[in-house]
Structures are given as C-alpha cells and as structure tokens.
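Each of the next two complexes has chain A plus one more chain, namely chain B in the first and chain C in the second.
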Partner chain A sequence: MPSSLRARSFVTLALLPALLIFLTFGIVPIIWSAYYGFFDWSGLGALKFVGLDNYEMMLQDPIFWRALKNNLILVASAIIGQVPIALLLALLLLKNSMFNRIIRSAVFMPMVLSTVVVGLIWGYIYQPQFGLLNTMLDMLGLDSWVRAWLSDPKVNMYAVSIPINWANIGPYLVIFIAALQNISSEVNDAAKIDGAVGFRKLFYVTLPIIWDTIIVTIILCISGSLKAFDHVIVMTGGGPAQSTELLATYMYNNSFTVYRYGYGSAVSTMIILISALLIGLNYFITKRRS
Partner chain B sequence: MLPMTNASAAGSRSATWRKPFRLLLKLALFLYAIVTLYPLFWLVISAFKSNQDFFNHPFGLPLEWQIENVTRAWELGDMGRAMFNSTLVTISSVVLTIVLGTLAAYAISRFQFKLSGAVKGLFLLGMLIPIHSTLVPLFIFMNKINMLDTYWSLILPYTAFELSIAIFLCIAYMASIPKEVEEAALIDGNGWWGVFGRIILPLCLPVIATVTIIAFLRFWNDFSFALVFINSQALKTLPLSLSLFSDGYGTDYALTMGAMLIAVIPTIVIYLIFQEQIMKGMVAGSVKG
Partner chain C sequence: MKKRFTWVVTLIALISLLAAACSSGSDTGSNEGGSTEKVKLTIWHNFAGDDLRAKAVRGLIDEYKKNNPNVELDAQAIPVDGYRQRLSTVAAGNEMPDVFFVYAGSQSQEFYDAGLLQPITPLAEEYPDWKANFMDGAFDRFEFEEGQIYSAPVGLSATSFLYYNKDLFERYNVTVPTTWTELMTAVKTFNDNGITPIALGNKAPWVAQSTILGSLADRVTGTEWFLKAVKGEASFTDQVFIDALAKFKELVDNKAFQEGANSIDNTQAEQYFIQGNAAMMISGAWTLTNLAASATDEQMAPIEVTTMPAIEGGAGAPGTISGGAGGGFALSKNTEGAVKEAALDLIYAISGPDGQKAIAESNSMVMYKMDLENANVSPLYLKAFNVAKEAGITPVYDAYLSAEAGEAINNGLQEIMMGGKLEDVAKKLQDAQARSTQQ
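Entry: the complex of A and B
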C-alpha cells in the first residue's frame, strides 16, 4: 500500500468515530431543534406545522420576558459581584506565596462541587424557619430583615444569584491572576520610576493593560448566565409562580413538565440565537480592539 | 536630586504603616476564605448532627457526632448504587473522550487534508453550543432510537460535548511536539497507528491528565442530562439521586446532609490532590458553552 493511501486511511479511521459522535449528539440536535420549533407537538401523535406561531407565542408570553429579565439580573449580579471581587482578590493574591496559594484554592473550591449540592446547601441557608440566614438575622436583632428568601418574589431572584456567584468566582480569579502576572516587569519598573504607585498605578497602568481581559470576563458573565439552570431547578424549580424562571428553566418546564416539545424546541432555538448573537458581538468587539 | 529625596522620604513614611497594613490585609483575605468555605464546613458538621441538634444549634458543632446519618443515607437512598452508576458513566465517558479526542486531534494537527480546517472549526464550534438547548432535541432523538434511560444516553452526549475542549487542548499541546520524532519512528518501520500509540500518546500524557480531570468533574457533577435522560431508579447518578433524595426525605435534614457528604467527598479529595491542574483546566473549560 502506498504511504499516502495509508496515511489517508489512518486519518479517516482516526477522525470518523469522534466526528460521528460529535455530529450525532452535538450538532444535529440543534438542526432538529430548529425544525421542531415550527411544529405543535406533545411528544405523542402527529406533528402539526404551525410556522412561526411558537415564536410569536413566546414573544407574547410575559413569562418569557420575565425569564429573560432574570437572566439579565444574573448577568448584572455577575458583573457587579464576581468581576470586581475576583479582580480585587487577584490584585491581592498576585504573588505565588504559600499563603496566597491556599487562599486561591479556597476561593476556587465551590467551583468543583456538584451544582445540586450547592443548590441544596443554599436552600437550607435560605430556609425561612430555621435557615442559617434568618437565624443569624434573628441573633443580630435584625428581625425586620427576616423573610422567605426563595419565595418572596421581590428578593428571590437576587437570593438565587448569590450562590451562583459564590460558586463561580474561582475561574475569574485565575484568569485575572494570569493576566496580571503577564504584565512585564519593565512596565512595572517604568511605572515606579514615573512615580505611579498604589491607586494611581492601578488606574493609569494596570487596569488599562488588562482591559481586554476584563472585557473577556464580562462576556463570560453573559454567556455564563445562559448556562445557569441547575442551581435554580434545585433551589426553586423556577417558581413560585415562575418568578425565578430563567430561559433554560423556561425551556425545560415547557418541554418536560407540560410536554410542549414543539414550543420547547422553539425556546431552545431562541437560546441558541441569543447565544450566537452574543458570540458575534464578542467577536466584533475583540476584532475592533486589536 | 530633589525628586529622589522626596521619593525615598515617602518610602520610609509608608514603610512604618506598611507592615500592620499588610497583616490586616492578610487577615481580611483569610476571613474571606473562611466565609467562602463556611457553607461546605456547615455541610460537614450538619451531616453528623441529629435532626434535633440541627434545628436547635444550626451554627454549633454536633453535640454528639453521629455517623448514622451517613450510613443510613447510604442504605436508604441507595447511594451505593448511585455511586456505582456515576463511576461507570464517568469513567466510560472519560475513556471515550480521551481515545477519540487524542486520535482526532492527532489527525487534524499532523495531516494536511482537504477538509482539515473545516473539521477543526466544526469541533471548536462545539465549545460555543449552550448545552441546555440540546436537551429537548436529544430527548426526542434518543426516545426514537430507544436509547433513553440507558447508560449510553449519558455517555454519548457527555463525550460529544467534551470532545471539543479535549481536541482544542490536545491540538495546542501537539503543536509543541517536534515532527522529527515521528519521522524517525516511521523510518523504523512503525505505521501511523504505531507512531500514535508508541510515540504520541506517551508524549501527550500531561494534556491527557488535564482533560481527564476536567472531564471527570463535569461528568461526575452533571445534573441536567441525567435529570432529562434517566428515569429508572437503578440508573440514577449521584446528583440526580441527591435532588430526589431531598424531595423524598424532605424533613429528615440530617439524612439529606449525610447523603450530600457522601456525594461531595470524592470531588473534594480529587480537588485537594490536583488543584493546580483543575484551576488551569477549568478556566480553559469555562470558556466553553
């Protein structure tokens, strides 16, 4: 067998299984989902073609908009909470000393826990009668603050966002530390000679240099919010009265609790479209900057 | 000359408060770490309390350390079965991901063929797919081919979604391996499979370790796929069992805490051993959709 032919058969055999699994379970479902989105289907019986009706219904459903708004609350809480805290910690934990390493790995720890465990623990923390939070407020004499954190629609979305932030600070911290450690020592020396120290150095030297990294983390916050699902399913299931519904839980509940597979597929497709839009935006911003 | 003296004067002035300030900062960081770890610590102490103790002293250490919660949860909740399922599904998916991922990465990174760019792009596209958006179509598809409620209904989707990041990391790593090594091996009479198995795989062990660890954590902790694709009690993985456990034994908090402790211990042990790789690997993985 000539060597080019042998190489060709090797490449085919090496690629084929991976490609087959990846296409069947990763890519093709998305095409199917777009297709089913045009049908009314309960999982049983015939598919009924309804054109864009599902999308029209979605845009007219106040719960869809609430889910979208809740996703935006998660994005905002990540940008206000995770990014500054991670950046501050990164600035303080920059050196690779023993102490700093220990603190870093403590901050990262919740990230490796199962989302179900995180959701359940925080469910107990927020539990209205004996939960840690209300007990603590009681002990501090702040009785008026005591409330049903996960069922009061005024606060429950914010309450839900805290464990999600708590669990996801780690990666941002590592990203910022890598970016800060990449700043060359010449830049730091030059800043010192020019008298830029402390906050002045932070705002005029450090932050501008890592600005691209900050943009990247903000984009990660946005795409991360579209991935939020597990914590909410475990803590509230999207309720009560769908007040903590997110796009992903809205899709899940429509498909698997009321069996509107056609509609659920349309919502799935919408999530992909929103995500593609964000990726496009991300590409556009980073392209323009470089 | 003047600015120099100014600078050094400022330096000595700041030196007097720098030390206590540093110490204060360290204390603050330490406190932050304690607060971060507190929910986990609370889980551990609560898992050894009686229900009475759990209600009456939520913050205190157990009055009496009880191991029964854990042993009872293991039996009642069928946690052994769940642990077995999680282990089986996780290991199978990791092995499949590593074998298929390294092979595909090798083919893409070392051979020039017409569609190599397109194939690489396609795999990388997989990193951008929000995985929850595939739940409905995968459910319908696997329902049609009778794959729902089997181990495969988890193993194949897990592998599909992990392949992207695995291939991405392996291609980047293989770029650093000099081609001369393989050419020499080829001349020595090895076929491509021999070169791959005898030369490339051993050289790739570091990146394989990284991929293994992040894949392990993702598969072990996955909730959404198991929730949708698995129905029978005998096939439930740990996170799925836990979520149902808390519904079933809703008022027996100590028992639920015991079950959670069982589920958390393997991940914590692995984290403590491999923290550096996990931190780096998960950052690479978190860019994924």
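Entry: the complex of A and C
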C-alpha cells in the first residue's frame, strides 16, 4: 500500500507542472473569454454588462451563419479529403523503400512549411492575371474555366479549402502508417491463409483494426478545421466582402479590427461549444458503427 | 478578477518605482550636482520597416539618444501590422510607454477618451513658430480641448493621388481625365486596347475606400454633408450618398479595374501598374515610397501625378485630395517630472522643423510647410508634394467613421464589386455608424 501510494504521489507531483501550465494557459483564458463574452467592451475603458446580448446579436448576424457554413464546408472537405487520401497514401506507401520515403517526405513537406508560406504560394497560384492555375488553364485551352479564384464568391471557399487540405494530409499519413505498421504480422499471415486479399482484406481485416485511429483522425480533422485561421487570413483575410469568413477570422476581425472585444470573446466561446457539439456527435456516430 | 489584476500591476509598478528610486539615489550620490541623473524613457513606434521614412524616424530617435546621454532611452520599433493591437493591449492594462506613436482619428480619440494621454501644449508655447508652420487642419484630430494639442503630426497621409502612365496616354491618344466623362472615355479606350484602365489591389479591403471612395464621394456629396452624416445629422442612406456609390459602381461596371482586384494586394497592384499593364492607379502617398524603393528609373520616367477628375454636378470642390494628419507622437498620462521633460524634448526632436525636413527628405509627405525645391527628394515626390500643397484636403472616410462603420464600408465596396446592391451597403454603413454615435 504505502509504496503504491508513494508511486501515485510521485506521478501526481510529476504531472503537476504540466497541469499548472495547461491550466494557466489553456483553461483559464477560456474561462476569462467566456466571462468577457457577457460584456460590451472595446478593449479599452469600462466593461458594460449586457448578459446574453452578444449571443443574441451573433445568432441574428447573417455573417456568423455564413462563417459557420464556411467552417462546415472546411470540416466536410477535411473529412472527405484529408482522411481518405491520407489512408490511401498510407496503404500505398507502407513499405519502407527509397521511393516511398521520398514520396512520404514530399507529402509531409507542406506541414513543415510555415502556414504563411503555404498561403502565399497558393495566393500566387490563384493570382488572377499571371497565376499558375489560370495560365495552365489557358494553355490547355480551358479559357472558360479561367476565373478570379479567390475573388469569385461562388468558388472561393472551395479554392481556399484545397491548400488547407493539401497542407494537412502529412500528419494523418504518418499516423496511419504508424497504425498500419502496428498490425502484427500474424494477423496478416492469418488473413492470407484464409484467402483474404485486396479489398476483402482491407475492409474486413485492416480497417476494423485501425478503426480507433480513424476516429481520432476524424476528431483531429474536425477540431483542426474549426480553428482554421492562418491559411485563410493570409490568402483572403476572410474577404472579399466576408465571403470566406470563418468563425476564427470572424472572431479575430471583431476583436482586433472593429475593437468589439466582448463580442469577439462571445464568438470564441461559441467556437468551443460548436467544436464540442461536433466532436460529441462524431463520437456517437462512430461508437454505434463499432 | 479585474481587481486582483490591478493589484498585481500596482504592486509591480511600486516595486519598480522603488528600484528606480534606489538606483537614482545612488547615482546622485556619486555625481554631486544631480543634473546627470539618469532618466528612463520609453518610446514605442511603428517605424520598424526598411523603408526610407522608417529609417529617417529611427535616425531621429538615435540622434536624440546621442545628444542626451543622461536619458536611458528604450525605443521599441513594432511592425505596422501588429502595432495597433500591441498598443491596445498595453492600454488595456494601463502600462503605456512614455511616448508612443498614435494614429490620428479613431485611435487617438479612443486613447483620449480612455484618459491615457496628456497634452504636449508646453512645446507649442515654447516654440510658437513651429506650431504656426503646420498646414491647415494639422491639429484637427489632436485638439481634443480648446487650446490643447495632444500630438503633432509627423506625416500627411494623402490617400488619393491619381497616378498615370504618360506613355500609355500618348500611345492611345487619350487625354488625361479632368472630368468624369473624360475618365469614362479613357476607361473605354484602354479596355478596347487590352490595357487595364485602373490598377487596384483591394484584398485588404480598406484600399478602395481610402484611395477611391473618399475623394469620389466628397466630389458628389461635399465635405459638409459627410461630417454631418458622421455625427448622425445626415444619413448614409440619403440619395446623395447612393449617387456617390453609384459612381463607384459605374467604374466597376465599365471594367475600370482588373479582374480579381479583390484578391490581390496593394503592392501587387503597384507592380502591375509600374510594369505598364495599367494606365492609371488611384493611390496614396505610400505608393510614391513603394515605387521609389522598387521601380527602375526607366519605369518611373513616364509616371505623372495629379488629382482625381471633377464630377459634373457634384456638390464637392474639384481638385481636392482626401487625406489627413498621419499620426504623431503622444505623451502618456502617467509620465511626470524629469521624465516628462525628456519626453517632450524627444517629441520635439522627431516632430520639430529638423525632424519634419528629415522625414520629407525620405520622400514621404509631411504637413509642415517648407520649401523643398532644393531638398534631396525624388522628382515624382516633388510633383506630388506640390500637388498636395495646392489641393484642398478632404476627409478620409475611415479616419472619421467608427471602426465598425469603417469595416462596414470596406466590406460594402467589395460587395459592390461583386454585384451587391448599393442601398444595402449604404444601410449597413448607416446602421454601424448609428450604433457608435448612440454610445
């Protein structure tokens, strides 16, 4: 007993610094911003208590709903795009050959680049006059497809989501490769003996084994897409006319461009609530599947 | 929670005060007179870049440092993009530096309202000639009380010069527009010849508002109407403002701007213009600086500068430029005693006659009257400075509107460029401005 107690108190002690840092920089700011969300505050001067007015205003603001819709587009594109592509690449690049390693590094590379660099690169690719994409379409004779990719409100949200997906596939690829390599060779051998090959093996053996990993990546996708900010702020700044506004850029613009700190705090609290809701939803859906 | 924070800040301030008292005490001990007592002074500014103006201002600060060995100067140069936020953050904690650069308009007003500033009037009393030499309206945004000035502008932010490429106008036989009709003719001719009439980079959405709408709307509505609308005595939903927006829409509908203007930034538009792809560009004085830094002499040769064309039947005066005092150095409320003396000296060292000349010689506009014919400035700058001296200055929209209303019209112009309705844009602007005047 005493030795286990000592071990436990050691664990507690060892975890304490990390916990303290997490509390001060992770949890306390969330509580503070939830608190500021009940005030009308410009960041300077006195705080004026307004109760739930900020939330009411938010729900009535069409831009908030547009930002939410854009965020959901990002979530959908991340789940449809990043997870399956990363999984497919992981299956193809599983073996440790030289060629596979090079491709793996290439897929992972954008993750290492600063997001500002990624945003600028794609900004130039989409550039309306001399951008790579429009020039290429011109050369291929697809003149009718040429457009101002980041200005045209019909396509710009999709145009913005492509670089975000492109930049984020890398880590999922690594996670999947690690999960696939963890499948013990006995399972693979047994599958082979039972005649499970190709798709049959994929759907009945491989995927069920790494199902937990897939759920984790989907959760990461959801939370990552909901806090997406940097790529968009570099490429479009949420514009033109707020057509690519996301919840995070909406929050940022309200707090730091228009100086409505109270309202911005309410929006950030809302982002947390929406993330929790979506992740909870995902948890229930995938739980039933397994 | 707030209270506790204040306590901590006060405690830290007390401790540092104590420390300062101790150290200065020992200083005076060793130097009998006490006149060499070290004064600790902090200054924050946003002249952090590599451009000539930023270098000039930093040079002035360095010189002050050299001439005042008794002052321990802590100068923080913060990049422009983060400057407003940084200053707002320390303002919220009431930890302002002694001297700081403040933008004229909504920012200086907000700081004044929050009780963070004290007047620099002692300087004006000490150097009356200096104050008299500023252009009209230089202190409009810094004179919060009768007879008290809170800062002196170190720049004129002229936001709407019409730059044009003389060669392209000659090649296609187009007259440089002095009226709206001539402008529309020019737009059509250039479009027919595959030249972009006006380069615009409106990704950061303030550009179209600051450079084009300010001047354009002033010509239609007149300055008086705008100032009334800001105060809530007229409405942005008035027909006269819709007419002004309609002029902007006319430019959009006639394809005066290049495709995708909303997704390229101002610098890219400047490059597009200087490379001869566009015949005109409506932009501020900053374009002078940017072009001087990046363009070759050959590219610069055909560039001329004038004011935006007059609008027939409009209520505003022609030949004006939208602009205003471009910000200046202000003094924190908390600065007292010897530090305050040193701080005022520092402000004069940057904003005084020598400082103004040094800034002008970095090819950027100042609001201080002087003769630059023999000064070391570029030919295009001299042209622009002389245009600005002659032209009347009309208000820039976002310097007068509340931050929220400024954002509303910025986004509204992008909306118009995407085919939005004028009435909706006007209404959003009016609503946002009304919200801030109510408070």
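Definition applied: the second predicted complex is superposed on the first by the 248 of 290 C-alpha atoms of A that agree within 3 Å, B and C clash if a C-alpha of one lies under 4 Å from a C-alpha of the other, contacts with A are read in each partner's own complex, and residues count from 1 in each chain.
We take it that a residue touches a chain if its C-beta (ideal position, glycine included) is under 8 Å from a C-beta of that chain, and two chains touch if they have at least 3 such contacts.
Only a predicted model underlies this, so the values are computations on that prediction, with no experimental measurement involved.
On chain A, which partner touches more residues: chain B or chain C?
B
Between chain B and chain C, whom does A:91 touch in the aligned arrangement: first, second, both, or neither?
Neither: A:91 stays clear of chain B and chain C.
Looking at A:202 after the superposition, I want to know if it touches chain B, chain C, both of them or none. Which is it: first, second, both, neither?
neither
Given the touch rule stated above, what does A:29 touch, chain B (first), chain C (second), both, or neither?
first
Would you sort A:253 into first (chain B), second (chain C), both or neither based on which partner it touches?
Touch status of A:253: second partner only.
Answer with first, second, both or neither: which of chain B and chain C does A:236 touch in the superposed model?
In the superposition, A:236 contacts chain C only.
If you stack the two complexes on chain A, which partner ends up touching A:121: first (chain B), second (chain C), both, or neither?
After superposing on A, A:121 lies in contact with chain B but is clear of chain C.
Per the contact definition in the header, classify A:112: touching chain B only (first), chain C only (second), both, or neither.
first
Which residues would you name on chain A as touching chain B in one complex and chain C in the other?
32, 43, 123, 256
Give the list of chain A residues in touch with chain C in this complex.
Where chain A meets chain C, its residues are 32, 35, 42-45, 47, 123, 126-129, 148-151, 153, 156, 236-237, 239-243, 253, 256-260.
Which bits of chain C are touching chain A when the two form their complex?
Within the complex, chain C contacts chain A at residues 1-2, 84-85, 88, 91-92, 110-111, 113-114, 116, 202-205, 258-264, 268, 272, 277, 403-404, 407, 411-412, 414-415, 417-418, 420.
Once bound in the complex, which stretches of chain A touch chain B?
Counting only chain A, the residues touching chain B are 6-8, 10-11, 14-15, 17-19, 21-22, 24-30, 32-33, 36, 43, 89, 92-93, 99, 102-125, 130-132, 135-136, 166, 169-171, 174-175, 178, 195, 220, 223-224, 226-227, 229-230, 233-234, 248, 251-252, 255-256, 261, 264-265, 268-269, 271-272, 275-276, 279.
What does chain B use to touch chain A in their complex?
3, 7, 25-26, 29-30, 32-33, 36-37, 39-40, 42-43, 46, 54-55, 58-59, 96, 100-101, 103-104, 106-108, 111, 113, 119, 122-123, 125-126, 128-141, 143, 156-157, 159-161, 163-164, 167, 191-193, 196, 217, 220-221, 223-224, 227-228, 238-240, 242-243, 246, 253, 256, 260, 263-264, 267-268, 270-271, 275, 278-280, 282-283, 286-287, 289
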